[in-house]
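What follows is a pair of complexes built around subunit A, which joins subunit B in one and subunit C in the other.
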Partner chain A sequence: MFILERLGTFFGILGQMAVTPMDIALLFSCTLLGIIFGALPGLTATLGVALLTTLTYGMKTDLALTALLSMYVGAIYGGSYSSILINIPGTAAAAATAMEGYPMACRGEAGRAIGLTTTASAIGTIIGMLFMVCLSPLVSAFALQFTSFEFFLLAFFGILISGTLACPDLVCKGWISGFIGLFLALVGRDRLQFYPRFTFGFSEFDGGIDIVPVLIGAFGIPQIIQVMVNQMKPGEAKPLERVVPEFGKIVRSMGNIVRSALIGVGIGSLPGIGEDVAAWVSYGAAKNASKHPERFGTGCDEGIVATETANNACIGGAIVPLLTLGIPGSPPAAMLLGALMLHNIAPGPMLAMEHPNFLLEVTAILFLAAVTMWIVGISLARHVVKVLTLPPMLFMPIVGLLCIIGSYSLGLSVFNLYLMLPVGILAYAMTELGYPIAPLVIGVILGPMADENLRRALMVSQGDFMPIFTRPVACILFFVIILTFVSQLPVYKRLRTRLADKWTARKTRQVACDTAADFGDNQ
Partner chain B sequence: MKKLVLICLVLLVAAPMAMAKKYPSRDITNIVVWGAGGGTDVCNRVVSAEMAAILGVNINVVNKPGGVAGSLGMAEAYGMKHDGYTICGLSESCVTAGVQGGWDKKMDVWYPFIVAGSPDVISVTPDSPYKTLKELLEAAKAAPKTIKAGAGGSGSIHHLNLLAMEKGSGAAFNFIPYPGSAPSQNAAMTGEISCVVTSLAEQAQLIRGGKLRPLAMLTPDGFTIDAIAIPSAFADYPGLSQYLPIMQAIGMAVPADVPEEVKATLSDAFTKALATDKVQQWAKDNYYVINGKTGEEASKEFAKLESLFAWTLLELNTTKVSPEALGIPKP
Partner chain C sequence: MEEKKNWLRGVDFYCGIGIMIFGAFVVFEGFGMPLKDSWGGVQNVWYVSPALSPIFVGVGLILLGALLCSIGLREAGGGEIRRVLGAALAAGTLFSLPVQRFVAAVAIPAMYIYVLIPRVDFCIASILFLWSYMMLFYLVDEEGFVGLRAVFALGTALLCAALIVAGRLWSEAMPHAGDLLTAVCTVVFVLRARKISALHGSGAPFWRTLGLCIAATVILAVCFRFFLLVPLPTEGSVIEFMDRIRYNEF
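Right, the complex of A and B next:
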């Protein structure tokens, strides 16, 4: 009875919102704004939510919340546009999408790719939302299993897995790139005791290296140089192309979608780790589960479906601990927490008692935001693809300008430009040498987390490494990391092929025997 | 004709003078040095709205976070004309901007108005073996530096509270730094640390939800929250009064050299705003204790916090500029 009543309330809120013109207008405008924020390198979901927080202060709480959540959903999805079209991810969350999306665009399937990512993102958001409603106590209990050791291991795993996946031919190169990122993350004052490391007396380095200029420099500059050098078109656009994916295709990918969404919700619920790691982990999981792992990296549907579902499912996951414990699960969710405080709503264990319908309201908004995002995305796809028809000599300088503005706009500091350029040149050299760039960026993002948590964990355990083995979650993560390492060793690969050979040999022999036996019976 | 020109000239000269006399004649901007939605921001927005109604002009609240300890926003607000049309929304943590190299001024360049602060409270998880503060502190005395305690970041006001509690009681904890109050409360819930010191405003939801169990208020008076009576730590440890309380001081400020009548108008509006039901209700709902000090008195409080923070940070080895170079006296 209780559930039915809740469902009734939910549909009541949903219906009421869907017919209020103000809500609809806000949903569409903020989702569109979010997509633009996501698609432009340098403007992030966090920044978008932060800007809207101040703008929506005067609004009523539910309207403000509609605006903020639409912005969040739109921005996480929007990052895939620039990933697919020009191989420069608009947000770090979309870096994994570029792995598959850009090759698709090069084949002239940009429209289809955007159609797929749009649908995957919408489904991901809705699955994330379902989890938020049904399992929020469970998800927040899961989040409480994570102490400093687990956070360190998870951050380390994030860097490792992106290195493994981004460079399939020689995994070591991916790891090296990840560790360069990890090193860059060490620059600045350390977060525990404020000791300056590698700052060389520059006060600009004190706060550490900002992610946005690194993201833009590392992805944008090599791409611009490459297009200019090779005089090539970034991608091709076939004008008459189906954008909405076939229904059957989505049904067939359902396994992949649900798995990716689960990964997204799980990782989203952990404080500090967000959409970027979720996308890589689910990309890896999809590759492992796929029947054709060799197709990954050449523009396959499974890849982009996995990444985009996971990064959007993260939203629901990140909101759960925010509403139940007052702990934001991702950086944009932290901004959301600020916005709620501004409207005199204190998220935490008492929220369900003080504002009983609040969770349902958030759910309804997320659902509508997902639907709106799908409508806006699908109708935009056809037009967005047209940017590829621009001659690269005209288009790339514009992208370059956007990169510069994006870096500068963060804290309006010229220093970020000085940072962006060398990082870009380093990234170009690395690309030419066959090193992947994505692990470097992930390293910069997760580096502080790995560093800070390892040191804190050792402070807590007073220098003892044993908790890694005595804490169950830490133990599992540790062995997954070891497995990731070992599985790349030549010894392991040789062993595996030998075992596989033996197995097939035995199987053939057995089949041969069986046939012989059958044959004998027939005689 | 000559007459007309003369009248015009007189008007041109006299008009701004006449206008200058009547403060405020146009909108005021309040530059908050922390991000939207934080304690300082919400507090400034609530009080500014009430002050605007009393002064009869708008007060636009804008956020200018960044720099060190809010130095970016403070530098911007201080860089504007010192005419009372730019207010700076700040908090006690801003007093460290000087020693951390954020800017080269002391807090005495401001004429502050302190709205409120939330008292600090020490809590444990519900399944913790320590039922009272005495049990916790005695255990910490018996085995120094083994009980893990969290209190926001290193050098935060909560860390200062923890340090003062250690000094006043003779106990020694193993301090584990976290990036802020929320992460350290979270760590207490996961069981990574045994006790946590943050403000009551920050912990209220978790205390009421039964996720944390409060042991004592680090203020001379206890506090009752939803029928949960929290005793004062001073009852068992009178020695604490020598070092505590160290309270948050959230408020706003104008440069110290704005005209006296502007200060008087603002102080009057500020005092009236704090007395309104809306501000009182906000403070009650969010577990803040209204302070209401202005001018001289408020400056004294900021100076005290400044010297305490500056010299503690020096001890923690996290200063860039020595407090002596800035002329900050020892506490």
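Right, the complex of A and C next:
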């Protein structure tokens, strides 16, 4: 009965949105804008959501959410355009798509490739949405049992796992990035005793560092500097003929789609690990599972279906921890968290009680965004790809201007700008030296949660750490953190290699002995 | 590839030292916070102290910095580490074209945010910001960049000095003097860029780019000021003019 009631509410919201002109207009315009943002190399989904956050600040929450989620879905899909047509991924999430999409475009099959990515992305988004709506209530109910120890460990685990998995170079760089984020989160008066920490006498720091300007600085400024310093030129686009939906091919690839969607949802639900990781992992899985792995890299359908399904399914996965625990699953989800906080919505286990229909609203918006994305992708792709000829050095300064006025407009504070630029320069330097930015952002977001909950938990236990070992979830989280940390230490890696070598040597000796024994018996 | 990795490990060594120093600073500051003393009438115990997290973060940074240092030292070796430092301090690196481009790419928003936005009309400041980027990075090739950098550096230095030093004196006598000065600086940059781009242009359309700078600024200003009702940071001559048009005050 309860499920039927919820289904009725869902279809009610869906029907209401589908007949409201403002919702429809926002869905189409923001999805199109998202596709353009995703398609243009240099602009990212996170930056798109960040800039739109500043424009939707004055809107009603449901309208703002429609705009932001449409932008998110559109931008993740839009990255495939430049991957396929100019071999430059529009977003990191579409990097794996370029491996197969561009060879297809070189063979004159660009329309087919975009048709496949459009349908696969729409299906991926819908599967991600289904997982989101099914898993979120379970995770929320589970999280209601959490005490401060669990929340502290969860926040710390989020930062640690994000640093471990998002790092392109050494894992300790990811952790350093997370710890720098934690430090930034400590700036301001602490929320338990109002003691000013690292404010250096500036009253503007008393309230802490505003998340949205930090996010805009961390994701916007490095992009602008990179484009300008590297003099990024527009690529030469391959011709795009009619875009074909390729339903038959999609139906035949259902196994591949389901597997990739599961990978996308799973990776998306890990804190701070974005769509790019999901796309690469699903690409690898599709190659391993394929009957013809040798075709991968030469323009293989299975490859682009896998990557595009996974990166869009990741959206639903990233929203699960965001809504249930207040932990963003990907960088654009981190931006969404900032937007929700601006609209006085605090994601977490209590969200389902404070806003009972919120999850259903998000589900309805994601569903409509997926459908809108498919319609726009199939019907307008040939026109949208014209933006690929725009030189990045022409539009990046305008994006910079939007970042600046957007950051300012959120708190009407010039101090936000004073903070945004140094954070942006720091993020650029870190990117150049191989430090990931996602853990820094996750650190800034989860820092207050970690700080408050650690102190509150110790206050309740009178400074005793034993509850960590007596509470099952806390205990599991604690050992997972220890294992994650230890498994990345050079000492552990050396020990593991030495043990593996010893094991191999022992095996070889045993085989040699057996062979000698057999030989002796035969003699 | 291997050489680049070695270089990165060399840099990691120095970054590790920097991170350890930063971590030590965080720990030092943490110990300055009330650990067992009373704060605001509340007697602290170590586990409720505001110093707990800073000390934890600081110690974490020190340990991770040490780990990074050790990895850098082991993988790159002493020779590479010395070579990285020598290369970083060499005049050729410090004054190379990519470094100059980086400095310009950072100097433009820094000038805009720290000097222009609090003092000059939003529209005029934004046009100068956009034009500076377009002029140095889009309209001209590398030789053109070299030709324009001196004009840009001198022009912005003079403008910033005038706005910071003399701005307060003008503000009462001539409220829009800063706007005028910035507009003049923009015109000088436009004229100079026109001349240089004729010799070392990148092939980009000059006047259309200038038009784009003005159009983008005006559209953004109108959207934020009149549709989103966001008061702009400094509303000078141009915004006042827009206000008059909007509210039919002519």
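Methods note: the second predicted complex is superposed on the first by the 273 of 523 C-alpha atoms of A that agree within 3 Å, B and C clash if a C-alpha of one lies under 4 Å from a C-alpha of the other, contacts with A are read in each partner's own complex, and residues count from 1 in each chain.
Keep in mind that, in the parts below, a residue touches a chain if its C-beta (ideal position, glycine included) is under 8 Å from a C-beta of that chain, and two chains touch if they have at least 3 such contacts.
As the structure is a prediction and not an experimental result, all values here were calculated from the model.
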Subunit B versus subunit C as contact partner of A:Leu340, first or second or both or neither: first
Subunit B versus subunit C as contact partner of A:Ile225, first or second or both or neither: second
Partner chain(s) touched by A:Leu270 [first = subunit B, second = subunit C, both, neither]: neither
Touched partner set for A:Ile425, first subunit B, second subunit C, both or neither: second
First, second, both or neither for A:Val384, with subunit B first and subunit C second: neither
Superposition-derived comparison: subunit B or subunit C, residues of subunit A touched: C
Which superposed partner A:Leu192 touches (first subunit B, second subunit C, both, neither): both
Touched partner set for A:Cys172, first subunit B, second subunit C, both or neither: second
Touching partner for A:Pro349 - first (subunit B), second (subunit C), both, neither: first
First, second, both or neither for A:Gly326, with subunit B first and subunit C second: first
Subunit B and subunit C contact sites that coincide on subunit A, given as residue numbers: 57, 192-194, 459, 462
Residues of subunit A defined as touching subunit B within the complex: 50, 53-54, 57, 144-148, 191-194, 203, 206, 271, 325-328, 335, 337-342, 344, 346-351, 411, 452, 456, 459-460, 462
Of all residues in subunit A, those that touch subunit C in their complex: 55, 57-58, 169-170, 172-173, 175-176, 179-180, 182-183, 186, 190, 192-195, 197-198, 221, 224-225, 228-229, 231, 391, 393-394, 396-398, 400-402, 404-405, 408-409, 412, 414, 417-418, 420-421, 425, 433-434, 450-451, 454-455, 458-459, 462-463, 489-490
Residue numbers on subunit B that touch subunit A, as the complex places them: 35-39, 41-42, 45, 61-63, 66, 68, 101, 148, 154-155, 174, 176-179, 182-183, 186-187, 189-193, 204-206, 208-211, 282, 285-286, 316-318
Subunit C residues touching subunit A - in the complex, by the definition given at the top: 8, 11-12, 15, 19, 26, 29, 33-34, 39-40, 42, 44-50, 52-54, 56-57, 60-61, 64-65, 67-68, 70-71, 98, 101-102, 104-106, 109-110, 112-114, 117-118, 122, 126, 129-130, 133-134, 137-138, 204, 209, 212, 216-217, 220, 224, 228-233
